[in-house]
Structures are given as structure tokens and as C-alpha cells.
Amino acid sequence: MKNRPLYLTLAVLAVVWVLLPIYLVAVNTFSTSAGVNAFPKPPFPLPFSLETIEFFFSVQGVLPAFWNSLITAIMTMVLALLLGAPAGYALARYQFFGSGSYRFLVLLTRAFPLAILAIPLAVRFIQLGLYDTLIGVALVHTALALPFAVLVTAGLFMGVPVELEEAAWTLNCTKIQAFFKVVLPLVLPGLAATAIFAFTISWNEVFASTILTLRNPTLPALLLTSLNEAPLPFRFAGGFILIVPAVVFLFLVRRYLFTLWGISSR
Amino acid sequence: QNNSVLFASTQFRQLEEAQSMRDVILKDAPVKVEFLGQENAPFVSRLIAENKSGKPSVSLAGGLHGDFTALQAAAALDNVDDVLKDLNNVKFIPSMVSLGKLGTNNQKYIPWAQATYLMAAHKDALQYLPKGADLNDLTYEQLAEWGKNIEQATGRKRLGFPAGPNGLIHRYVQGYLLPSYTGSYVQKFKSPQAAEAWKDMQDIWKYTNPQSASYNFMQEPLLSGEVLVAWDHAARLKDAFTQRPNDFVAFPAPKGPAGRGYMPVIAGLGIPEGAPNRAGAVVTIKHLTKPETQAQTLRETGFFPVTRGNLPTNLPQGIKIMAEAVEKQSGEGSIAALLPVGLGAQDGEFSKVYVDAFQRMIIRNQNIQSSLNTQARQLQRVLDTSKAACWAPDPVAKDTCKVQ
Amino acid sequence: MAEIRVEQVQRVFGNTTALAEINLEVQDQEFVVLLGPSGCGKTTLLRIIAGLETATSGRVFIGGRDVTNLAPRQRQIAMVFQNYAIFPHLTVFDNVAFGLRMQRAPQQLINERVERAATLMHIEPYLKRYPSQLSGGQRQRVAVARALAVEPQVLLMDEPLSNLDALLRLEMRAELKTLLQGTKTTTIYVTHDQVEAMSLADRIAVMHGGHIVQYAPPVEVYEEPANTFVGGFIGNPPMNFVRFPVHEQAGQKYAQTANAALRVPDEAGREVLMGIRPEDFSISLTATSDALPAPVRLVEHLGPHLLITASLDDQLIKINADPHLSVRTGDTLYLQPNARRTRWLDPETGFALTSPQEQLA
Amino acid sequence: MSRRTPVGGKGPALLSPVTTPAARVRSQRWVPYALLAPSVIFLLLLFAWPLIEAVLLSVRGTTGSLTTENFQRMADDLNFRDALRNTLLLTVIVVPLQAALALGLASLVSGMERGRNTLLYVLTIPLGISDIAAGIAWLAIFTERGYLNSMLMSAGAIEQPLTFLSYDSLTTLLLAVILAELWRATAIMLVILVAGMQLIPRMYAEAADVFGATPWQRFTKITLPLLKPSLQNALILRTIAALEVFAVVSALGGRNLPVLAGEAYNWYGTYQNASVAAAYGVLIMAISLLLTFAYLKLIRVKPEATV
Amino acid sequence: MAEIRVEQVQRVFGNTTALAEINLEVQDQEFVVLLGPSGCGKTTLLRIIAGLETATSGRVFIGGRDVTNLAPRQRQIAMVFQNYAIFPHLTVFDNVAFGLRMQRAPQQLINERVERAATLMHIEPYLKRYPSQLSGGQRQRVAVARALAVEPQVLLMDEPLSNLDALLRLEMRAELKTLLQGTKTTTIYVTHDQVEAMSLADRIAVMHGGHIVQYAPPVEVYEEPANTFVGGFIGNPPMNFVRFPVHEQAGQKYAQTANAALRVPDEAGREVLMGIRPEDFSISLTATSDALPAPVRLVEHLGPHLLITASLDDQLIKINADPHLSVRTGDTLYLQPNARRTRWLDPETGFALTSPQEQLA
């Protein structure tokens, strides 16, 4: 409150820093291809054109792919939380033999480039009948999101005083009830953050989605593979199309992410 | 869904092309075809994985020669001798049919479309052509001089090569630079003529936009003006010609002391082993190799037919420009450098040898001879591992090819 | 039936022994107060009874059932935490209703009970607030209300009124007691306030350094402290302890004061401690034969009575006197200890020599 | 504020196992394992097996015998040294910068009263942006005919477009990559840290204030230590991700800035040698685990020193 | 020089007024105690002085400097928080040293001061522990030590001893007072314990519902409460208030009791409240002409004295009596209020009619 002008300046700078590149992608998306290749480039979409965007929506499979992405991401989110939060809780609340090894196991999955695991993974998926199913993709994405889920939730649970939980136990709660009634609401913002990670990891993941789907590609699998080699205007438009849902999603969940229970003044 | 054909392809995967593939070219196929564009790596991974698991879902695979060598190495391809027999009324270019055997006794893929690499220039650049130079009969020295003139006039280096991570610079070295100086690209890899070629390339590079090391496609730098003269795959130049046919000219690659090296590119159609709908795949192959379909493919994508016969006349101007240049390039005195044959799984590393050679001598400016020696060793290792015999333009023989 | 039995409970943290072999028996519906200095192990004991802390060794029984291995919720208890532990994300109402909700009590019962507990604790105006919007004392009252609302068989309270003012405290004390009697709750109550302990407890367990040093009804604890610690800890000002040499005469032992000999128990050694409360002297301003002379060092006027600091045999003692007594620093008082309320202790161990009943009977 | 109930394991409950009711120890000991079990089973089924396969691939020669050949080839490769150096360099530069930036932004956000939710929302947007899309965005800025040059030209600062992204301007190239990475991946850290900060009771900051801590001291002495668990996680996760940077670097730098993950992809996809690719994978994994281990040691949170 | 001046400070939370136009002046080196019931605004006022809370309106001056808009660290204060707020990630030593470290004091000074504060607070054995390894009272003492170690010009303490036992408290109280006098610290001390307030304060500010209702030295607050609230809040048991009708005779006003008339101040209306402390009666067991008869309802033996509940004019009162008085429920006492210590108040407003000095002189 005392440094309001300073805060404001910094905030504005931060906002510009984040939004500018996105804006420029948007400018390119709504320019004609001539505009995209022009130099010096105008900072506005001049001449304005919906040509590339329209093309994208006419591409066969964009809409189903969009839904596929959404469903996969939601499944990933749920799975990552279901698997990760209990583990995070265990890491935060208990000292036990093997907790270090567990951390490493979880991180291993993130530490090895996914592409190289692709063939064995795909073979196994085909055998399991998970190939070309959204749940299959979601499973792989879950493995990618799991380290986030585990570690981030562990950090959060450490911040909740055990005593609140103990109070719940004495008030006739099972440990599970205590978790849901007391711990969960307190870490909800953090869990929302975890969920968002899981979601965005899934939403942006290309490689596994490409290999493990065929008829049911996710949006990035459908677009990004082709984008890499598409003419610039398409790449911009494709990038833009991928950014927009993510931005909207974040907008929708921002409430959960940053709800404060007045605990900050505990 | 059961009687539809799942068609995975590394070609025409780019959105617009894929769109024309589905909406135009495959629309009239006698079976329902699901076309899926795929990048090379996932494409190969997937087909191998499907094969290993014993439950393939892809019935038809479209790819470049190199894609098939990788699949063949994993024994994931079915023989298509029967299909070829069925197609006896189609007049394929014979050399392409034999490439499709992948060095085996059986047909592994059916030729589908061909393309090649070309030079493109913005019309503005023509004024700086070295005196006496003929655009259609350029030498590598003249290319360097042209670049120099452009830099002197505009203050910028404006030649361009696709030396980015997804660029095809190795094809330039294999099919253009080296054959033009040595008439070979394997055996004479470290010959003095080859050293000469690299030296000239170093000259050319002096006038090349340094961002070339990140260009994957040349059509965009051309369109944006970052580059005025460029070499690339026809399909990767196409946009420049189709968008601004009046601004750009296409012309054959330069000549060297040994002639004009060039490299034809073949895309083929193969059937994965155990394909769930082999019959449908066969029908689709027949459809795609029909002369009308081949002409349609050219119009839509800039890939040329693999069958003999006259080109259709009603081509868009951009395509026409390229077609003319392609014809000139493969004309008299040109040395056709074929894509590698018989390398199997070593295909990728074979290309790496050339990419690395380029990296060393051009980008990092290392000593030419020692670089050649180092890379030659790698080259020989690749050849030894794959036991591949030499192929055109090197003298074709039975033994494992040796770098001289 | 919810009697509590703690058997041989020990709790060691690293190299600190917080509880050393505690034995405690609380009868059904009894109100027991744990009293002791800071850090003596009160909270630890309470937490072990609640099942929140694992005893290093020993067993806990509630209602005759061995609950040592049971989870807190299986023990039919409720607890007030020393630092409240009220849920920051719930309103006061929801905090208080929490335990009942967990028992799936019908909404009407919840409303009733919450209302009753809130009224008792004077927090009805805040039912819709979040804890962060309350003052410290209000939060503490929420914590108590939360525990009361479930009407548990066993109620454990850890300094539940420490942040309240005297008046409110007095009031709540009385109402708590009535309520808990009505609900037949067995209660263990931790406090550092001896007045509270005296007025609430059926029995007081005085703790010291991880031990229970005395476990008896309030009056007994006050009048017959088991050792110097208890005598010194309880009472304000505390019990006076004066050391005298002992001499024997005709088979009986006497404490040798400046001008009188006082009969002491036979177990006395070479020296003895006389323990006596400040109010247990008969005071005279004129010398009598067997009264002990005590020069006055300081006189404090403390509202209802005078607090006199005097020296007895060169040892300082405190004396409560009638406010109307006119005495000034420098005067000498003549004190006659009330023999029935004098306690004799061993100066080495600090423990009482005999229980006063038998003493000098 | 609270005492952890040690259950099983190393806790003091085991100090005198004779008197501790064995049943209780057993009954509690499995709890953490039960909580971990689902994720462990999941990972074993899905990942351990392919992972082992991939690791085996890296130590098997063409004949199937054990060999270091693949690592040898990796190490001898033209790009190996550069890739290793660039990867480490980027990690070492980007991750600390990101941590600092994220901490700064998190503090900025918590210090705001109005508009904090909006600000936070905007700052997290890059979370939703894939690395490929991010690469495109920054390419549009830094390429020779990009927005930066356009702006400089319009402002009259330069006459000819500058080249930022070529092999002869490695510094600017590196800078561009760093900027893009900062832009793309700071949000991840930011959100982890903000979530962590929300859990720190305000009273500690107040106490620090009262005892004369400047805002900077309050930050370093109170906020940062209390944020340790979250900070540790943010660093670990980001470092691992940073060791796998690839898409953005390749979009901006092409072959000029080889990185380990890029090489792994190339060997795998382009050169079709899965064994050498796996060797790269193992190397990346080794570095990741090494650094993770370092973080866990360096940023240790004593269990008794927590809320 | 660190006098504190609070001017017209108001604090409103939503629709709760926590502080209503507070004015308070604390002199340099003065020890002022804020005393009041739970929720009356003590903590809020302290936090506003510390700069942790923004006043809705009003100004705060420290040492003559307007600090209303200064950050806490610029105010040269130290504070003990009601909920301790000791840093969980620092050892006890580092907690206590925190303030000094912030001032970049030399290590030697830090060691000295920490040691001194720790000794004073009896926490030397725990210097290497983390707060989570301490008992509630030990944590509270760490919080106090942390504030003492910086030897600030102004020390604000919010119920700093609430979790300690009587003995320790007594001791710390004494040492605190001595120490703070030595360091010439201006202190504001919040407590709900009136004994503490009485014994520590130079002046007591009695708060009630966001107002300061009386601000005076302890004796004055005790003997001359400004209103019924103060009289009822302070003293244990509190002051008795008995309502009498007033009649006028010869220009003077009298309260009409059962069998006597007591002179009351002239401002009295139709009724008057007599405020009198339980110990301010002369008690007789036999009737005298002007003594007020009071049937005994309950006799409690509270250690140093008897607490008698009796009814006076059908209104219940509490009386402190000598423990030797033999009285039983059902007896009638004859009470003579000590006129000098009787306070007359307006039953409508609750405020005293005149200051007792002038009263009935």
C-alpha cells in the first residue's frame, strides 16, 4: 500500500511481458500471409484477415480433436490428483523408509525423454488395448504430470498444521474424513494449481499423443505435427488456436486457484 | 470403420496438403480412406510398435524411400509384388520401381509420387547475376559471385539453404554439391574434388544468410525477403511460387566441374505386415497410381507423377514454373544421384554423416581435409554396418561400398 | 461409563523425558484438573489420552477398554487444544457444528447444540464470522464450544480459558461445571490457574517434571501438600517453608525455634522443614511465651487483606493479615502457627514426613 | 505449531520396540505405503518397464552384448560437447533466473491488494502455452524480419535489420532462448510458489516487521525459509524440465544451439539409432537425478522446523 | 524519549467497530496496562500502535513523531504477539536473536542479550530446540524473550504470560518490571489478569467495547471505578452494586435502605447505585442502629478468607470476611459500609456521580 506506484509499475511491466508475445502471435494470425511476411511489420493485423483461422476450422477433425484434448486433459487432471495427492500427503506427513527412493522413482519418469520410451510404451499399449484410446493417452500424460502432483501437493500439505487435522480426529473424523473436511479445503488453491499443471501438461503434450493415437488425435497431435512444417501463417494460427483454449481454461479456473480462506491472516 | 483403410503417411502431412489429400485426391477412391499425416519419427515408431505387438491398425503406409528402409529394417513391411503385378498397365518409371525393392528381391513399396530439389530466386536478385551467367546454367562459383554481388548491393547476405534441424541440407550435399564436383557422393567422399566442392561451398556460405542454420523451409525466408536466392525441396518452395508467382523464378541447381548433380525423390506406398485391410489398401494404391490421380496430385501438391506420360496442361502458374525448372534440371548432362539404397536402419546415420560434414566445414569452418577424413570414417562405418553396396551415381556393384 | 485409566505411560522425545511412568485413574463423571508448571508434561499427557501422541510405553484405558491402539475418533472424546486449532476455513458455526456433522447428527440437533454451546461461550454474535475475524479470546471460546457441542463421554481441555478475563472466566467456569455435570461427562482439564483448579476440580493431579506428584481433592492438595513443590506451587502467596534444627527429648522430636520448641513427627532427621500457609498464623503484636517473633520487612495492602513479609529465624515468610491490622515495617509480630495446619517436611527430599491426619494426633 | 506423530520408520516410537505395542506400529506403518501404492503401481506398470527397456537399449550393442559403445558414440559425436554445454548453461542460467523472477512476481502478487487475481491470472497464462507455440511466438520477435527489428527500424535505431539468431551471434541467440524460456516456463514456478506462500500465516511476516526487518530481510529470513518446501519442488521440477529443453531452442536456434534432448530426439527420429538416443536419455536422467539430489540436500527442510 | 500518543483512532471491520475514537497518551518510560474483556479491542489497538493494522481514522505518535504512515520497522518497537508468532524454522536462539540480527548487532552483543533474555524467561535449556519441540508456555516465553532481547524504546505485549502458571508468572512479572525500568522502556501491556494489571501498571487503561472507559493508576481504578463496568470488571469478586431509592431531606439526598439512610451526592436522581467492594464492610453479628441487615445465603471458605454471599435489600452481594468469623447460611450479618470507600453511581448510565474526593467530604 505504501509503494503503490512501484507495485503498479511492476505489475504493468509483468503483464506486458506476458501478453506481448501472445499479442504478436494474434497479430500474425489475423494478418494475411503477405502481412506475416512483410517487413517492417506493423504492430496491428494489417491487413486484417480471417483466412488462416477459417482454414483451420475447416480442417477435418479439428473439432473432435479439440474434444479429445479436453477429455484427455480432464482425465489426466483427475488421475494425476487421485494418484499424486495421496502420495504427496504421505511424503508430507510421515517419515518412512523409502520416501527418498519414491521421490526418485517419480522423478525418473520426468527425467527420461519421453520419445525414447515411445516404442516399448506403444507396444504395451497395443497389447493392453489402450492404443488409440483417450484413456491411454491420459495415462501417459498422467505419468508426466504425476511428479508435479506429488511434489507440489507434498509441499502444500506440509504447510497445513497437523493440529488442525488432530482436532478433526478428536471430533470423530476418520483420517480420510479429516483430510477431506479440513486439509483439502485449506490446500484447495494449491490443488487447483496442481490440477492446472496436469491439465496444461496434457493439453500441450505432442509426442505421446501423436504416437499413441491414430484415429483419435488430440488437438496438438493433429495440429502441431503438421504445423512444424506448415507455412508461417499457419504456424501462427495453429499456435494461436492452441493458446486460446488454454487461456480460457485458466480463466475459468482462476477462482479456484486463488481463493483465499482468510487463512493468510491466521 | 472395418472396411475403411487407415492410411498413415509422412508425405502430405502439412495441413493444407493433408486437406487436399482428403477432400480431393482420396475423395473418389473406391473405398473409404482415413488419411493421417504423420511426422517421420512417430510414423516409424508407430508402425514398428504396431508390428511388434502383432495388432496393426494401419493398412497403408505412405512415405519416402528412407521411411521405408527403416520399416524394412524392423521387418514391418509386407511384400507388394502381387500389387505391382496387378498394376502392370501402369507405366512406372523403372528405376523407381527397382528402388522400391529396398535392395531385396521383393517389392516393398509401390512408387507414388516424386519430387526433387530446385533453386528459387526473387526477381529482384536477377539484376545482380554475375556478368555472362545464365540462370539456367549456373555454376557454383557463379552462385557465390551472385551472392557476393547481392551483399555488396544490399548490404546483406541473402543466399539461403535449409540447414535447420528439419532442413534437407544433407540432400543438398548428397545430391547436388558432391555429385557436381565428383560424380559420386559416397566413394569419392574425401577425394580432392570433394575438398574442392567444400571449398567452393565455403565461398558460397560467406554470402549466405547466417540464419540458414535454422531454416527448415526456404519458402518463408524467400517470402519475407530475408533470403533472395535459395535451394530447397520443391514442395518446400511451393508456397513462394503459388503465392507470388510473379515475384519468383525457379531454376535448376548449379553445375560443377563434373556436371549438374541432382536428386530425384520418391515417395512410395507400402503395406504393413498383417495390415487389417490389405484388400482396401491395394485398391487405394491402384487409385493413387492412376494417371488422373497422379495429375491431380501434382496440381494440388507439387509432387510429380511417377508414371510416364505428358504432364497435364492445366497447371497453376506456380507449379508450372517449378515443373519447367525440374525438367531443365534433369536434362542433358545432369547426374542423377539416387537416394541411398540398402542402408536399412543406417539410413538416418548416413544422412548424419553429411549433415555433420556440413556442420564442420561450413558452419564451424573446420579444416576441410581433416573433417573429410573424420566423416569418411563414420561413413564407412555406416556402410559396413549395413553392408550396403554402392548405388548411382557411384558405380553399382555387389560388395559393400567403400569410401576411397 | 467412561472412567479413564492411564498405566505406566512414558513419553520420551529424543533425550527429553516429557512423561515418566505416569499412572492416573479418573472415575466416571469425575472432573480432574491437571495442574503444573509450564513444560511439566500436561499437554503431552492429554494428547496421549486423546490418542494424538503415541506413548513410548504404557497403556491407556477408557471405559475399561484398552484404547492404546485406537484412533482418536474411536475413543469417544472431544478435546480443546491449547492453541485452539479451530478450522480457519469454516465459520464459527461450522466449526462448532463440526463434530456433530461428523456424527451425522440431524440438522435440528446441530442447530440446537451449536446454539447452546455458543450461548454458553458468549459467541452467538460471531457465528457467521471466520476465525480470522475474531479476537484471541473469542477464538478460544470457539474452540471450547466446538468440543462441548458434541457432548462427548470424555472431554479433554488444555488451558481452555487462558485468554479470557477474570469475569468471563469465572462465569464460564461455573457454567462449564454445571453443564458437564448435567451431561455426565468425564473431564480432564489442564490449567495453570490454581484458583480455577481449586474451584473446578473433584481431584487435582499436580504434575512436576513429567511426574504426578500429588493426586487428591483440592482441599487436601491445598492443606496437605505432598511435598514442598506442591506447597510452593499452590497458594498465592505460596506456602512458607522454614527450616529448623531438630532435637530429641524424651523419645520425641522437636523443632528448635528461636524461643520455642515445636513437636515434629518422629521420622524427622537432623533438620526439618515447617510448611505453613500465610493465613495460618495467629498474629499478635505483643510477645507471648510460645509465639515466634517475626520482624516485619514489608507490608503490602492487597485489596481484601494485608500481605506481610516478615523474617522468621532469619528466613523470609509471607503472612496474610486482616486489613485492619495496623502494622508497619520494623514492627515485630508474634506468630503462633496453627498446629493443625502446619506441615512438616524432610528438607532433603522435600516430601512430607507423615500425612497430617496421623501427625501429632 | 504442531508435533508430528512419528509413526513407524525412524520415529522415536521405535526407540523401545519391546514396550511399544507391536500391533500399533504395524497398524500405522503401512499407511504411507498404502498412500503411495497407487502411484507406484501405476508408474511401475506404465513406466518402469519401458524405462528399463530403454536403459538396456543404451548398454546393449548390435549383437545384444553389454557394451559402452553407445555412450562412446554419443561422447564422440560432433554435437555432444556443445549439446552438453548448452544444456547445462541454459539450465544454470535459466532456472535461477526463473526462480528469482517467480519469487519476485509471487511477492509482487501477494503484496497487492486490488487486482491481484487478475494479475495472477495473466501471469499464469504461459502455463497453457505449449513449447512449440512459444517457440513460434518468440521466433516472430527475434527473426531477422521480426518484430524486434521492425520496432528498431521504425524507431530509427538501426538501418539494417540485425541478425539475432545465427551461429555467428551466439550471445544474442542464447539471450533470445533464455528470454523465451523465461517467458514460457516461469509461470510454473510462480504458481507453485504462490500456492505455497498462501499457506504461510501472515503473523510471521508481521512479527518480522515489528522486529525491524526490512522488506528484503523479511523476504530472505522469513518468507524464503518458510517457502522452502515449495521452492524445492519448483526448482526440482523446473530443472528437470530445463534439462529437456528442446522445442523452443530448436525453433529459435536451429542447429546452432544443440541441446541434449534435441540430440536424443535426432538420434531417435532422424538418425534412427535408438541405442545412442537411449544413451542420451540415460545421460539426461543421470544429470537430472544428480541435481535433484543436490537440491534435496541443499534445501533441506528439517521436519521439526516446520509449522 | 518514547512517549506514545494515540489520537482519535478508530477501527472498523465491516460493520463491527473494534475501536471507537480512542485517545491514549503514554508517557516516556511509563508502564501502561490495557485491561478489558475479551473482544474489547485490546489487540487491535496494540496492532495499530505497532503499525500492523491501519486505523480507519486517527493518528499515532511515538516520541513526538507522527508514525501513522510508517512501517512497523520504522517505529522502533518490539512486540509480543498474542499467538506468539515465533518463527517455526528458527531455533529458539535464532528466534530470540532475530531482532538484533535485523539491526546487525555484533555477535557478542547478540549472545549476551539472548542469554540474558533467555535466563529471565527460563528458556536457556531450550535454546537449540525448534518451536515445535516446546510446550505452549515455553513458546510464549520465547516470544517474550524475543521482544526483550532487542531492548526497544517501546515494547508492546499482548497477553505475554497468559499460558504460564501463577508462580512463574509472579516471578516473571517482577523481573519484567525491574528490567523494563532499567532499560527505560515505554511499555504497553495487554492482559486480562487484573492482579497482573494492578501490580505492574503505572496506569491502567480499562477498555470496554472499543472505548477506554477509565485511564488511571491502579489504586484509583480499583477504588474509584469510573462506572459500574470498571467496578464490576476489576476485583475478585467484583464490586457489589446495590440499587436504592433516593429521597431528599433538607436539601440533601439520601439513599433509602431497609433501616438506614445514607447520604448520597446531590446529582443523584430518583434512584442510586451503591458500589462497594466485598472487603469494605464492617461486619457484625449483632444488629446496630445504622447497620444494614444481610441474611447469609452461602459461605465459601477460600483459603485466606471467607467469601460470603448475602442479600441486601433483596439484592445479592458478596462479602469478604475474616476466615475466623463463624457464620453459617441462614445467619444474618449486620453490615456497615465503609463510607470513604463507597461509590455512588447513576443506575441509568452506570457512571459515577462524583469523584469520591469531593463526595460527601
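First chain written, first letter: the chains are A, B, C, D and E, and each begins at residue 1.
Basically, contacts are C-beta pairs under 8 Å (C-beta built on N, C-alpha and C of every residue); 3 or more make two chains touch, one makes a residue touch a chain.
For reference, the UniProt names are A = ABC-type sugar transport system, permease component; C, E = ATPase component of ABC-type sugar transporter; D = Permease component of ABC-type sugar transporter.
What you see is a predicted model; the values in this text were computed from it and never measured.
J.: Taking each chain's centre as the mean of its C-alpha atoms, which one ends up farthest from the centre of chain E?
T.: In terms of C-alpha centroids, the chain at the greatest distance from chain E is B.
J.: Counting C-beta pairs in contact, which comes out ahead: A-B or A-D?
T.: It is A-D, judged by the count of C-beta pairs in contact.
J.: Using only Cα atoms to place each chain's centre, name the chain farthest from chain C.
T.: Farthest chain from chain C, going by C-alpha centroids: B.
J.: Could you tell me the distance, in whole angstrom, between the mean C-alpha positions of chain A and chain B?
T.: Chain A and chain B have C-alpha centres separated by 38 Å.
J.: Could you tell me the distance, in whole angstrom, between the mean C-alpha positions of chain B and chain D?
T.: Centre separation, chain B to chain D: 39 Å.
J.: What's the distance between the Cα centroids of chain D and chain E, rounded to whole Å?
T.: That gives a centre separation of 56 Å.
J.: Go ahead and note the Å separation of the Cα centroids belonging to chain B and chain C.
T.: Chain centroid spacing, chain B to chain C, equals 93 Å.
J.: I need the residues of chain B touching at least two other chains; which ones are they?
T.: Counting only residues that touch two or more other chains, chain B contributes 39, 41, 216, 224-225.
J.: Please output the residue numbers of chain D that touch at least 2 other chains, ranges allowed.
T.: 1-7, 145, 161, 201, 203, 265, 268-269, 306-307
J.: I need the residues of chain E touching at least two other chains; which ones are they?
T.: 71, 83, 133
J.: Could you list, by residue number, the parts of chain E that touch chain D in their complex?
T.: 50-52, 71-73, 77-79, 81, 83, 85-90, 98-99, 101-103, 129-133, 146, 150
J.: Which part of chain A faces chain C closely enough to touch in the complex?
T.: 161, 163-164, 166-175, 177, 181-182, 185-186, 261-263, 265-266
J.: Okay, in this complex, where on chain A does chain D touch?
T.: Residues of chain A touching chain D: 1, 3, 7, 10-11, 14-15, 17-19, 21-22, 24-25, 28, 37, 39-43, 82-84, 86-87, 89-100, 102-113, 115-117, 119-121, 124, 139-140, 142-143, 146-148, 150-152, 154-156, 158-163, 166, 175, 186-187, 189-190, 193, 196-197, 200, 203-206, 220, 224, 227-228, 235-236, 238-240, 242-243, 245-247, 249-251, 254-255, 257-258, 260, 263-266.
J.: Which residues, counting only chain D, touch chain E once they are in their complex?
T.: Touching chain E: residues 1-4, 201, 203-204, 206-214, 217, 221-222, 225-226, 228, 302, 304-307 of chain D.
J.: Which stretch or stretches of chain C touch chain E in the complex?
T.: 13, 16, 35-39, 42-44, 82-83, 133-138, 141, 158-159, 162-170, 192-194, 198, 222, 232-233, 235-236, 238, 277-279, 303-305, 320, 322-323
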